Structure formats: structure tokens, C-alpha cells
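Let me begin by presenting the structure, written as C-alpha cells, before commenting on it.
Letters A, B and C mark the chains in the order given here, with residues in each chain numbered from 1 onward.
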Amino acid sequence: MELNAKIPPGPLKDKWSFYKDHAKLVNPANRKKLEVIVVGTGLAGSAAAASLAEMGYKVKSFCFQDSARRAHSVAAQGGVNAAKNYKNDGDSVYRMFYDTIKGGDFRSREANVYRLAECSAQLIDQAVAQGVPFGREYGGYLNNRSFGGVQVSRTFYARGQTGQQLLLGAYQALMRQAAAKTVTLYTRHEMLDLVLVDGKARGIIVRNLDTGEIERHTANTVILATGGFGKIYYLSTLAMGCNASAIWRAHKKGAFMACPSWTQVHPTSLPQSGDYQSKLTLMSESLRNDGRIWVPLKPEEKRKPNDIPEDERDYYLERRYPAFGNLAPRDISSRAAKERIDAGFGVGPQLNAVYLDFSKAIKEQGKEKIKEKYGNLFAMYRKITDTDAYSEPMMISPAAHFSMGGLWVDYELMTTIPGLFALGEANFADHGANRLGANSLLQACVDGYFVAPYTVSNYLAGEIHAEKPDAEAQEFIDAEIGVRAHLGKLLAINGTKTADHYHKTLGKLLYDYCGLSRSKDGLLYAIDEIKKLREDFYEQLKVPGTEEEMNGELEKAGRISDYLEVAELMCQDALTREESCGAHFREEYQTPEGEALRNDEAFCFVSAWQWQGEDKEERLVPEPLHFENVELTVRSYK
Amino acid sequence: MKSTFSTLMRKTLMALTGLFLCFFLVIHLLGNLQLLLPAVQAKESFNGYSQLLSGNIFIKIISYVLYTSLIVHCLDALVITLKNRKTAGKYAVDQRGASSKWYSRNMGILGTLILIFLVFHFKDFWYQYKFGALPTDEYGHKDLYTIVIAAYQDWWYVLFYVLSMFALGYHLLHGFFSAARSLGVYHPKYVSWIRIFGRGYSYAITAGFAIIPIYIYLTQHVSWN
Amino acid sequence: MKINLKIWRQTDAGSPGRLVDYELDHVIPHMSFLEMMDTLNEQLILSGDRPVEFDHDCREGICGQCGMMINGRAHGPIPHLTTCQLHMREFKDGDTIYVEPFRGKGFPVKRDLRVDRSAFDRIIMAGGFISVNTGQAPEANGIPVSHEHAESAFDSAACIGCGACVATCKNSSAALFTSAKIAHLAKLPQGKIESRKRVLSMVEQMDIEAFGHCTNTEACEVECPQDISVLNIARMNWEYTLSKVLK
């Protein structure tokens, strides 16, 4: 099967207009006959569900949380980028497009990225109209900050809770439609399988997490907006419930997965303090503007940080990247930290952290100034660690954060299954091998508000005369049987280890061998270990309770059973990509100075993976990337 | 649970009636302060004032508003309390009190204490004045003054009166600002003014009403025995 | 350290619940409260018992999903904190901790410590939004909003919908939650247009959901993880009276 990204013809800047001008429309009278299922109520899901419902489609919206407002978009702190050029600093759609494609290390599609930048301005308008309280200047106009090492200020923000405020805007739009009865909400429902009829996505099987009931839901199209799966590393900045189950089960029904190994690791998270730990809290990246990162020069240093004299400290980022120093991009900073920690210079009780030191900034600018800039972050640090970062350095460490990979989608955000769309972090599309700060909220919103309404309508135009999906069709019955069998299997094992045990073990394995840096030997070892772990999982797992009731452990076990398969594909993906690009760093492919070595000759493509069946190796289908508007350069931060 | 009156309307009614009662307390206290004058002067002044209040048509209307406010305030409170009891969550271990003032949580009890006090208060003075056979003073006014002085001869009555004034004080301490809140004063500047004013008002009313019986007990006790 | 737990166990909304005793021997002060609960559950599962169901997701204090009454206080003994941000260092070796679900007639218990807070969603459905469709929005800077108004609107909008306000209210009133949304939207010019209709229908829904009267004890503000001000309630009262009078 050849992958066709369906990029519209014409010059880059006219492609989206061309698409919109030529996309098929659905008559308003026909829209209410067409049903749309949206799984996930984060920014992409809520935005798409609300927008499609406003247009008149019949929408069913699903989420596993107890309210649509709790999806993990809520946790994004920094902001959302838009090429408004309000600062008159020379920003433009093209510049934003270029920054994004370069930031992604030239591993994303030009046309998609350009559309992202093009729709960004419209998103700010939409959010403001919804009542999102973005930061404002004293004149009443919107304010911007600079983010992620770009030369312009294009980031809009609502204090440190931009994600929350954007999500509430989308959630409220969704609730408005729910009140109008154009959307039916199914909270505490988890999608367990996708149903295909005649090769098209026609519905889903879900489990009501409060009662354990299995339900069939039919539709003319299914949209997955189920977010990222960085939680596969167990310790991550993601919410406990984030999972890959929806996209993975769609993958097993024929949707290709693209570049699943590309996971962004955030450099400034709090380190793990013990085996019991469930979550790594993110500290805003802005701290690196004034904090200096260092480790002791002597391995296994026992002295307290303040007792280590200046000449016995290694400010490794300043040493290795004099031009950017402590502000080097996320992937580079994270990798440099891991390099020092692995070499035995890590600090803290677990020797797994590096220092982020504000003493110089406090000396130069005064404590008050630092307090004014980062007071809330220092307070949060104190809350979690009980340490005063004004008097001794913070300890930080890298943590898994964002999945650039996901379901492969074409320009219309449709997967390889007709009628199945993937939006937001659940898809692979716009970020390439590394995501720029403040682009994730943007992508989720643009997919949901501005892309899906056109592309989904274009698809539905062909569905008006299609047979109405029937929940009693054999395909639905079979899918439900499959789902029940899987749940029954998990419950029947009755072994001696909890689901969390497997999750932790898997997470550690992935972090060590398919995390910040990867090697052929490591990946082969990991694949082997994952297979063993999976076997052990089906022999030794213990899930209490039954499937006909609320059962949190059963939910976890189901998600981990999928993670155990995703993990193998991630390693496979990392193994076959014999280059280093963005978040993907292969130890064999680096410059003598230890920097990433991209190979545009052989790997300028998206790795899309096709499921071949249980215990069979997946098939790699490359989608070549064509760059007609930008020149491929090397990212250098020296 | 949809009903004609919303929770907010019931609270608005509490606020309006409560504030009217607050206003009345000021007038009442101002009148009563005459009792602190030297005995002869106090008698003349206080009895004259009482006569004035009972004769005036304007005052009469106000008094009906007052009775209505009192009754509505009590009934509304009863409805609110009963409804709240139905909605409230109950815990095996409850330390929620740590996050609010005790008197703000016990307005119903404080209000009930005040109501009990009012029964005695009305019986002893209001009823006597309206329907009792009162002697007249040398100016031909009903001699309420003598009744009041006589009442405060017993230490336990004084104590009961003073304690009731503390109940009233705490009731006002929460009630005054709470009324402003229910009526929707939301500007932080005025909210803090009202808080300060409300506190001062509550202290003044409590102190004013409590001092009178104590003063009378201490200064006129001996002369009557 | 050693911790004694008394945790509310209840099979479903229909059955009665009770406090059950548990002991945990190896609690580490750096653990978060929920990680302590994870440890307990691990122990329960391995010994063949049913683990304690509790709500949680982001574990960084923003999703609003977690929430328990810990020793009789919503989200535990520290003000302005979610349960997931509470750490075991706030307790002493040998302490007994009572854990109960958030309660109130509007918040029925689903199982153990999980409660049904869908009433909040229905209150938002009643009008907690600005009626703008995708595509209708004018240029963002076309509606200037003063810095102070934007900041003040943010203060109200920061509510995470955890329900601690209801849980800690002696009347189980949802006034703080409802008013925060009413105030957030009323403070912005784009939200003002519908504010009269909004306040009436949201308050009506709040009452239908069986939440109690607000008696201004202000306990909600103390327990609110986002420090939402009780002045939002004043704002709601003002908007409500105005809307009733001018209707």
C-alpha cells in the first residue's frame, strides 16, 4: 500500500484555501442525519465535537474522565503560539511555519505545518470570543511572550494555565451544544475497540467505567482525539489516565502508526524520589532564563550543593553550547543532562538529577526580582520537595512529555482507515521529530476548530446515501465479543503482580533504552525484554474484581496490555531509523562532538507502520517527505 | 427541587429583613441611651420618648414593617435551615470548622437565642406598655422608665440580658456583612469598608445594649431597696 | 513511618458504607497522599482484597479530578491545595488518618471515595458559556479588555471544578463554583451580553441539583485549591438580583 497524503495542488500558501474551496459540502438538512463519534474531550476533541455540532451534525462525545473538562490539555502551562505579529517584530505565517518545521528537525510535512501556522491567528480570535482571559497589556490589547528560543514574541498566555483556559473555552462550547442536544456526552466511557463495516470506520465499542457495561455506538465517522501516550514511560509529566488504547486498537484494525518512538523529553521536571513515585511534575521551562544548570565535577559527590566551590562545578550546558548555554532547546538540554547523570555525576538521593541554580541571578538581580518572576514556581517547588530554592539550587531531571508520533494521517487528518480521523496529539502530523514550545495547544485547537469541520464534512458528503450503520451488524457483535474476551482474559490470569508493577518495569526499560538516547544493541535488548515482560504479564498479572462493575485495576490492566505492544513498536521504529533527528538520538549517529547526525539522504521520510497480526513484525511503509519551500539545514546551538 | 423562590432570593430576603432590623437596633439603642442620664432626667426624657413613638402614624407604619421583618426573618431562616439540612453532607470525622468562624456556622442557634430573649423582652416591656396597666408619671406619660428600672433589679435578669446581647453581637458580626454579601456588594474596596463598619456596628450595639442594664443595676440598685 | 487509615468503603450509591481500618508500615514522608493510597492499593490487591476506588488523574493540581475529605477537611489539612499535592510529610509517624469522600446531596457517592460531580457539568450546560460558534469570532484585538479586567476574569476562571467548595460547605452549597463562572464571563465584554440570562438559568440549575444555600461562612475560599474569592459569590448575587429586577 502506497501512502497518499492528499496534499492539495498549488503553491504552499494557497493549498489550504484551495482545499477549502474544493471540499465537498453537506446540505444542512442532511447534516442532522449524519452521526459523528468523537473520542476524547481535550482541546482537539471538544473543539471538533462542538464545531461539528454547531454545523448541525449529530455528535456523540466520549471521555474516560468524570467530566469533559478534565482532559490533560488542562495541564499545559506556557502558552499558545500564533502568527499575529502584534509585537511588530517581523513575525509572519511563513516565519512561524519555518520555525516549526526547523524545530521539528525537518521531519514533518510542509503543507500541514503551513496550515497550522496559517490557522493560528484565527484560533486566538476564537478563544478570545469564547472568553479565554489571555494576558493583556494596560491598553487592553493582547500581550505576548517569547518562548522556545525563537526570535519573535508570538506566544499568547493566560498566566501559567493557558491549557486550562483554552480547554475551558472548548469545554464550554461543548457543553453549550450538549444543552442544545446536538451533542450527547458519555463521560467515564472508555473506547475499547473500533468497528469497521465494509472497510470504513462505523462505530466503537466502549465500556462504561462506572457500571462495567459494554456498549456499542454507531456513527458515520469516528474521530479519535485521545491525546499522547508518553505515560507509557510510567514516570512522565502526563496524567495517570493518559493512554494509547484507542489509537492502538484502531491501529490493530488497520490504521497506520507513524513514528511512535518520537517522544519529547522535557528537561525541567522534578526528579524521581522513590519507587513509589507515580508522576513527575513539570517546572516551567522559563526557569532556564535565569537558572544555571550544573553538576559536580567529582562523581558521587557527597557535599551539599552550597558547599561545593565554584571551580568544582561543571556548568555543562554553558561548556558545550556557549552560544545558547542554559537556553539550549529541550531535546539538547535533556540529552546533556542524561549524559552527565549516566556518567555518574547525577545529584540527589537517587543520583538522578542536576542542579538548577539561581544564586548568580539572585546575587545580580536581587531576591525580590527573582521572586517576582518565578515566585509561584518556587512556591510549587517548596510544596512538593519542602526545599527553599532561594537558598539552595533546585534539583531537576528530564521527564517524558509529548508524543510527536501517533496515528498516521493525511492532509485531511484521516487515517489509513476511511472515515477514521485522528486529531491533536493522537496523530502524527505537524511537529516532526521535535515539538516547539507552545505549539501543542495550537495544533490541538487548529485540528479541532478549523481543520476537522472541513475535512470531516468532505468525507461525510459521501456518506449521505450510505446505509445507516447498524449496531446489530455482525461486525459490532464480533468486536464486542473480542472486547469481552480480552477483559475476561485479563481477569482470569489471577497471578501475583499488579498492573502497576508491569507499567513501572516497562517504563524503566523504555526510558533506559528507547528514551533520550538509543542504540541498536539497547533497542534489540529492549525488544527482547518487552516480549518477555508481555509473556509474564499474561501469566502473572493480578486484577481483582469483575468486569461488571467499576474496576480501576481492570482499566489500568487494559491500558498496560496495549502499552506492552506499543512499546515494542516504538523500539522497532527507533531501531529502523538509523539517524539522529530531533528527539530521536541514536548513539551510533552522532558527530565527534556528540551532536545529533541527521541523514537526509536515507531517512527523509515518515515511518508509518502497518499491523500484521499478533506476534508478527509490523511492516514499515515510508512516506517520503518533500521539501520545496525550505532548505534542509543542520540545527546548531554551539 | 425547583421552587418559586431560589436559594438566592431567600438569602436576599434574609438580608433585607436583617438590615432593616439592624437599622431598628440603632434607633432603639439611641432611645435607650437616655436611660444612662441622671435618674430624674432619664425618667422624663425616656417616658416622653416612648409616648412620642407610640403616637406617631409614621412610626406606627414603621413598627408594622418591623414586626413583619422580624417574622419573615425568622420564618425564612427556618426554611433555609431546614433545606440546608437536607442538602448538607455529613462526615464521620468533621474538622471543617477549621476553615470558618464558629458564629458564621451557628447563625440559626444564635438567632434562636435572640428569639427566646425577644419573647421575654416583649413580655416585660412591649406588652406591658401596650396592654398592661401602667402608672403615669408627672407629665402624664406612661411610666415605662419605672418598669425598666424595676426589671433590672435582679442580677440574673441582668445577666440573661447581657448574655443575650452577646448572642446578638455575634449574630450581627456575621449577619451585617453577610447581608451586604447577599445583596451583592462585590467591589473589594467597599467590601472591606463594610466589613470594618459591620464590626464596629456590632461592637457598638452589643456594648450599648449590654451597658444599660449593668449601669442601672450598679447605680440604681441600692436606692430601690 | 507507620500510618493508620480509616477509609470509607461503599459498594455503590444504593448501599450503606462504613469506615474500614488499614495499616501501612512503610510510608515515606516524600510520598504524595495519593502515592500512599497507591501503596495501600498494591497491598490490598496482592492480599486478594478489593482496592480503594478514588478519583485522580493529572496529579499536579490542575485537572480537578482528585478530592477526598482527609481528617474532616476537604483536600486535607493544608489550605489551597488539592489532594494530589498533599504530601505525607504533613503527618506524623503513628497518625490515624480518616479518609472520606466529598459529600453533599448534589454529590452522590459512586463507590468508595469516588463521587458523581456531574451536577457541575449541568450547571455549566445551563449557561456557563459564551454563545459563539466556530468561525464567528471577530479579530481578537477588536475587543480591548483592560489589564485589570482580564486579570480579574482570570482569577474567577481559574476554578478547576474539584468540588472542595461543596464538600467543605456546611450546607453543601455550590455557590462558589457557580459564581466563579458567572463572574468570569460577566467581567468580560464578550460575555456581558448574555449575562442576565446566564445568571438566572445557572442559578436555577444549581438549585435543581440540590445544593444548599450559601450562608457566607467563607470556608470554601479557604479550601479552594485555586484560591477563588468569595467575592465571586457577591458578584453572582448582584447579577442575579439585577436580572430578576430588570427581567
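As a convention for this text, contacts are C-beta pairs under 8 Å (C-beta built on N, C-alpha and C of every residue); 3 or more make two chains touch, one makes a residue touch a chain.
Since the model is a prediction, treat every value here as computed from it, not as a measurement.
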Best-connected chain pair, where connection means C-beta pairs in contact: A-C
Which chain's C-alpha centroid is most distant from that of chain C? B
Please list the single chain whose C-alpha centre lies closest to the global protein C-alpha centre. C
For the pair chain A and chain B, the C-alpha centroid-to-centroid distance in angstrom is 63
Just curious, how far off is chain C from chain A if you go by their C-alpha centres, in Å? 27
Distance between the centres, which are taken as Cα means, of chain C and chain B, whole angstrom: 37
What residues on chain C touch chain B, complex-wise? 6, 8, 19, 69, 71-74, 77, 79, 98, 100, 102-107, 166-173, 175, 183, 203-204, 206-219, 222-223, 230-242, 244
Per the touch rule above, chain A residues touching chain C in the complex are 47, 50-51, 54, 65-70, 72, 74-75, 84, 86, 122, 124-131, 133-142, 158-159, 161, 164-165, 168, 171-173, 175-176, 178-179, 185, 187, 210, 237, 239-241, 273-274, 276-279, 281-282, 383-386, 449-450, 453, 496, 498, 500, 542, 544-545, 550, 552-553
If we count contacts the way the header does, which residues on chain C are in touch with chain A in the complex? 28, 30-32, 34-35, 38-39, 41-42, 44-46, 48-51, 53, 55-60, 62-65, 81, 85, 87, 89, 110-111, 114, 116-118, 120-121, 124-126, 128-141, 143-147, 150-151, 153-154, 157-158, 160-161, 184-185, 188, 190-191
Considering the complex alone, what residue numbers of chain B touch chain C? 1-3, 6-12, 80, 83-84, 86-96, 98-101, 104-105, 107, 174, 177-178, 180-186, 188, 191
